[in-house]
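What follows is a single structure, and I will ask about it in a moment.
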Amino acid sequence: MLGFAQLFASRLVKAAAILIAIVVMNFFLVHAAPGDPAMVMAGEAGAADEKFVAQLREQFGLDRPLYEQLGTYVGKIVQGDLGFSYRQQRPVWDILAERLPATLVLTLTAFLLALAAGVALGTLAAVAVGTWADSAITVLALLAYATPIYWIGLMLSLLFSIQLGWLPAFGYETIGAGYTGLAHVADVAVHLILPVITLALFYMASYARLTRASMLEVRGLDFVKTAKAKGLTQSRIVTRHVLRNAILPVITVAGIQAGQLVGGSILIETVFAWPGIGRLAFEAVLQRDYQVLLGIFLVTSIMVILFNILTDILYGLVDPRIQVSQ
Amino acid sequence: QETPVRGGVLNSIVQPEPPTLMLGLNQQGPTQTVAGKIYQGLLTYDRKLTPMPSLAESWTVSPDGLTYTFKLYQNVKWHDGKPFSAADVVFSTSKFLMEVHPRARAVFSRCESIKALDDHTVEFKLKEPFPAFIQAFEVSSAPIVPAHIYEGSDYRANPANTTPIGTGPFKLKEWVKGSHIQLVRNEDYYKKDLPYLDGITFRVIPDAASRSLALESGQVQQTQYSDLEPFEVPRMKTLPNVTLTTEGYEFVAPMAWLEINHRVKPLDDKRFRKAIAYAIDRKFIRDKIWFGLGRVPTGPVNSVVKFYDPKVTTYEPSPDKAKALLDEMGLKPDAKGVRATVKLMPMPYGETWTRLGEYLKQALGKVGVAVVLESTDAAGWAQRVANWDYEITTNFLYQYGDPALGVARTYISSNIRKGVLFTNTMGYSNPKVDELFDQASRENDPAKRQEQYSEVQRILSDDLPVVWLLEMEFPTFLDKRVKNANTTAIGVNDTYESVWLAK
Amino acid sequence: MNRFDVMRTPVETAAMTTPLLDVPLLDVRGLSIALPPGADRPLAVDNLTFTLNPDEILCVVGESGSGKSMTAHAMMGLLPAPHVRVAGGSLLFKGKDVLAMPEAEQRSLRGGRIAMVFQEPMTALNPLMRVGRQIGESLREHTDLPAPARRARVVELLAQVGLPNPAELAEAYPFRLSGGQRQRVMIAMALACQPDILIADEPTTALDVTTQKQILDLIRSIQAERHMGMMFITHDFGVVAEIAHRVAVMRHGKLVEYGAASDVLNRPQHPYTRQLIASVPHYIEHRDDHAKAGAPLLVADKVRKVFHVGGGLFKKSKQVVAGDDLSLTIHPGETVGLVGESGSGKSTLGRSIVGLIKPDSGRILFEGTDLLALDRKGFRPYRRAVQMVFQDPYASLNPRHRVGDIVAQGPVAFGEDRNRALVRARELLAMVGLDGSAADRFPHEFSGGQRQRIGIARALAMEPKLLVADEPVSALDVSVQGQVLELLDDIRRRLNLAMLFITHDLRVAAQVCDTIAVMRRGRIVEMGTAREVFTHPRDAYTRSLLDAIPGKSWHIPDDLQKVPAGAH
Amino acid sequence: MIKSDFWRAFVRNKGAVLGLVILVAIVVLAVFASVFFPGDPWEMATAPFQPPLSEDALLGSDMLGRDIASGIAHGARVSLLIGLTSTAAALAIGVTLGALAGFHGGKVDDAIMRFTELFQTIPNFVLAVVLVAIFTPSLTTIVAAIAIVSWPPLARLARAEFLSLRTREFVQAAITTGQSNSTIILRQILPNSLSPIIVSASLMVATAILLESSLSFLGLGDPNAMSWGYMIGAARTVIRQAWWMSVFPGLAIVLTVLALNLVGEGLNDALNPKLARSRG
């Protein structure tokens, strides 16, 4: 297990290095952004004069030299302070923290659904290769893969909410309904259905394709021949030998995508008015609230890193070779 | 008239969520709507912009127009129980607002002195006549803040900013960030039996579609300003449970226009600007882009603002006239039919403005003026406009009821100030216009003022420093059970002291 | 005297003494296996008929692609469905047609009554499953043993195949085991249910000679102990000679010769069998001593190379000593053989000489100049003089270039005019026995042997003085192997080339080398003339290598023996 | 020979042929957009909110009366243009870095791979959004942003190919015959690593088109370029009243991306026969 701890430690060091790089990149992106937040606020107050703008600049520290600002920025990030949204007049972290749970609920549900359904469908297709079931799954996966996810979302809500009226078209819960306890959970769950399906479809498609291809490849490997030569039943060969090996590349890709899922959720949350950080990102884009945008950028990067570490651990658990060869 | 009943909570929307409710420090639209129930100004205004009592019970103006004396209501208490007095008014207008409120600073800096004659009388002495002065006491223009809390402190950092203390009919009970702001009745309100409502709750609903749904389902009884997107309006106004009004925005009187940088050729040529005006169909903009919200403007002054005069040069859509003017300027179409190329930077304030940009590109393209659209964000836009780094942009300004407060600032050459937004950023300069605005602002005789403003409107409509596009209207939807709401020129931003809910 | 002349094959004994066994264990009748359209031929196996009796080892021999594996796979129901299928004939196991059985019954035969061991021990085990479990799976499928009993049986089986620490080993993952250990695990797995028939598809090809010998011994003793019928697939006649009772020779899917081992080995009838046997490198028929003339062409002096594998931020890298204190001389016209087991560092030395690897220390003197002291630019002139022929004829030619270009590229890189180089390339191709049109074709249009000729032509185009040949024939079939070796020998003699010949096959080394250096774990343990090394090996390791050569006691029939190259 | 083999393998895959047919149709539509739909796609051709099959607009008109069909045709140009140029840019960055890393190995490889990892850690779409938002949307910034977020997989692929090909014997042979590094990289290794790179590139065009459409959908498109994502994004708010405004451009994206994926798979089958066989 020493190897494991070392692996973990080295991953953390690497993650920290990447994070620092991202933070510095963030800073320069903020400064590459045109315009002056103080000016915007002045504009929003309905009138502006020099004095007002100067006061705001001083308040935000925008009148300091660049290196000093970088120092302050990095120092603050280290303390968990992601900066201040001039537009919302609130610390970025407060804004993000408010939105994160909704996003996590959405993405994790979608991810688990996509993984379970994708692997199941891919396995089914690989086992029934060449049959109509295989073709149907392959075609569906290809379609889901090729369709913009925000468009699927729009079409699903057009069908299930606007035409059929079965499911809520947007939102996280029924506003003002004041549900508590189980009723609240059920309410959120109903609102979750469309966004989760939409977000899951694309990823499900890629896992299904990957699982199928990987299964077909593994199926041709020598040890599967060995298993057959032992007279094992088909189902045991598939589950114990083929699937277990075929799942390795799926884990790798899923690990990469789990982090990227948050990016995909920008679109879904926009379509379904889901009050998560994806939606926040959209609002921040519209208002060009760079502080918030970059905060999201940092937080999502951290999530990618966390998922990568998690994947590595999972991979290490599944594949005994990792601990040694690493 | 029905008899009002007491009780009930009005639900409304606040969007976006205001950063603070301390109205003196922040005057964004949502802050005004909520804090207008907590704080009060000395006056409010009816639909015709005639002053009406608020904290001031009565007032007099000296015949020379230099002295304004306000008599305040008795028995007014701050929400913390401390008595309100003339000293609060003096502190607010002569110190607090002068420090933090740019619009109030512009007005009160015209005062020679501001004095409390007694505990309930305040006297403002002006350096020179400024008849628009009486229009400047509405709650967002001059909110009265408690001196006992702010005097001598760093206003912006005062801890009391999170727990606003006003004199208004409602007090802040709870503010759950991201969810709602709950106001409750001020039991100590100085007007007997008022307010009628037990409270007002403002819900934070960031998503536009959810907001219309909330109104549709009766979860909220009022929406205002940009809560609903223009495209939702035609559908929503057919709902049985709500009424639509576009009144109540007379005080702000927004006017949208095509802002043109006169430092760039050929935009400096008024024939070119006229050609632009002829190329554009403003009715189309009103009907198809704003879905019928707003009025087609005639000239520089919004028709609800004082001294508005419709007898000016107007520009009916006529591509032929536009082409003729361009021909006259010697701008002949090239092989692709292009006479000139201009850059247009639509205001980055949402989809409607984007659509407007697309429309303008198309309409101008038809007469041979090729438009390159430039995409910016709010900060970039503000900076580029303020620093004159643009060719054409769309913009809108509030006119605040009086040309001296909200119109002149756009056209007078003394207000060409680089780096400051909402000034004469076009760089337009006409000595006659400067003179007329200056005279009118100091003229006590309303008839003479009207003459001067009429003349300046005629000159401007011919010089066409900007191309006016739309007298904007905001939709206010009210549930039919809500009575007595939105009755003044400041509409939903007013105190709502006499609003009541039918059972 | 050959032992096959005196020994009766067990099957003959059985047939005579036990008339009960008139039904053979396995009876293959007219078996045909169809390949999908577009394959190199319509039938992988064409009308194959043979029998296998209990307590008999049947060796199936034949070149690559002759259909040996297909036959075995058909018996195990392992044909790659659906595109490869049995097109006709029957496979009778104890009189019952396997092909006509329902799937469930076939499955109970598979692994239960008929078991199989595969060629590639590295890939034949599931990398994610402990080896004990993999063996246990077989028991679980075919017996009613409860789990603890299965576990005990697994350990017992592992002990039987000679693995140390069987209880511990059962808990190991395959990647921790060496190739030989894995092959033992495979055998244990095959034996788990005490099968009647064991099919072994080239089970030793991927192993080193010494390991090969151990595995062969193991298989033979287990077969004898349990009286199993065994079908042993191989292409190595040495192995056949070592273990076979009966031999079936296949070519292009057809059975060309079938009979008792003694007959086939000593009196081959079919021309193809005769050709195969004639190509077998003869053991010990080394050539005469080479007269070393003049100054040495190449001197390797105390060359050392250590590879650092893995390693990172927190990990020390592992060190692999691939070469240590390696010293060697090659005289003009001399062929030095470098032999040793896999991983002993043969290629590392070869590559160091041609400049593909930079050793850590030592000197490599070519005509007195230390090549290792030279920088990139300084080394360039010597590139022409030292050339290399690679092992894999498929990988050593750029598939996207025409053969003419491939041969001409070297000289062009040294400033030769392209057209002149192309003309010369054609001459060289003719010299290595390829016709004129070869230059305009792409490598994939040639067979393995032809490609190796192209590789030789490429090396010769540089007009080298020393040729390093790294296992130039080990990827080729025996018959082709012989031809390429002859070509090399011919060229060597005509151009008076010196050659460093790397091989793991002592029989090949014996045939072509004047001097032999034996390597083990990065060191040269013995170096001497071929005669000395083969007749009086000084090092114990050399002796064990020689000892491990399969089929030593078998002498190729005299009429098929060729005069060894270089022997006068 | 090699070519005809390629075609035979490609044509064997029915999906690939279908994809190619669709793709050709879309390319024709894009190239001749101004012939089929003369004039500007931004032009108000008819009354706003016309449903499909109305007189002046086969696929209906949008909220400003612009012809949806014309928008789709001209949008095809933008989509294909952005897809191709950003892929080309990503290829240039990715293959160069990957080739250098794979060929040189050691420290160079280490440095390049750390850099690549950084870009792989940042969520693609978020980075693209941030870049375009900050550097203001235009065709150039969009192409650059897409290229910046899409090169890492190409670099990894190229590196893997170069790493494995570098040790292949024909490359070693090229070294022993004294060929220069640049000759070896360009003449020996690159042509042999091209197949998987071409396959990836064809799929990347599809991804780039999706990415562009997503950016436009969020309002981060070039305001002067009519694109499919823009059309859907702009129509999103009126989807209750006018489904056709978002449905047709969406179908255009689906068809294009699907076609590219099918062609990509066909290429994969034809260029990497080993994988094709395992597909069964």
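All chains are identified by letter, namely A, B, C and D, in their written order; residue positions are counted from 1 within each chain.
Quick note on the criterion: contacts are C-beta pairs under 8 Å (C-beta built on N, C-alpha and C of every residue); 3 or more make two chains touch, one makes a residue touch a chain.
The structure displayed is predicted, hence computed values, not measured ones.
K.L.:
From the C-alpha centres, identify the chain that is farthest from chain A.
P.N.:
Following the centroid criterion, the farthest chain would be C.
K.L.:
Which pair wins on C-beta contacts, A-C or B-D?
P.N.:
Higher C-beta contact count between the two pairs: A-C.
K.L.:
So the centre of each chain is just the mean of its C-alpha atoms; given that, what is the distance between chain B and chain C in Å?
P.N.:
Spacing between the chain centres: roughly 90 Å.
K.L.:
Centroid from C-alpha atoms only, then distance chain A to chain C, rounded to Å. What do you get?
P.N.:
So the centre of chain A lies 51 Å away from the centre of chain C.
K.L.:
Using mean CA coordinates as chain centres, what's the chain B-chain D distance in Å?
P.N.:
47
K.L.:
Indicate the whole-number Å distance between the mean C-alpha point of chain A and the mean C-alpha point of chain B.
P.N.:
41
K.L.:
Where in chain A do residues touch two or more of the other chains?
P.N.:
In chain A, residues 14, 33-34, 130, 220, 286, 288, 290 touch at least two other chains, as defined above.
K.L.:
Among the residues of chain C, which are close enough to touch at least two other chains?
P.N.:
none
K.L.:
Please output the residue numbers of chain B that touch at least 2 other chains, ranges allowed.
P.N.:
Only 209, 376-377, 380 qualify.
K.L.:
Sort out which chains touch which and give me every pair.
P.N.:
Per the contact definition above, the touching pairs are A-B, A-C, A-D, B-D, C-D.
K.L.:
Which residues, counting only chain D, touch chain C once they are in their complex?
P.N.:
1-2, 168-170, 172-180, 183, 187-188, 191-192
K.L.:
Okay, in this complex, where on chain A does chain B touch?
P.N.:
Chain A reaches chain B through residues 33-37, 39-40, 42-53, 55, 59, 87-90, 94, 98, 169-171, 175-176, 273, 275, 279, 283, 286-288, 290.
K.L.:
Chain D touches which residues of chain A in the complex?
P.N.:
Residue positions touching the partner: 14, 17-18, 21-22, 29, 32-34, 129-130, 142-143, 145-151, 154-155, 157-158, 162, 213, 216-217, 219-220, 256, 259-260, 262-264, 266-267, 270-271, 281-282, 285-286, 288, 290, 293-294, 296-297, 300-301, 303-305, 308.
K.L.:
Across the complex, what residues on chain C touch chain A?
P.N.:
By the definition above, chain C touches chain A via 76-78, 80, 82, 107-112, 115-116, 118, 120, 123-129, 134, 137-138, 141-142, 173, 175-176, 186, 189, 310, 312-315.
K.L.:
Mind listing the chain B positions that touch chain A in their complex?
P.N.:
Contact set of chain B toward chain A: 11, 16-17, 19-20, 26-28, 100, 102-103, 105-106, 156, 177-178, 203, 205-207, 209-210, 213-214, 219-220, 348, 350, 376-384, 386, 398, 417, 419-422.
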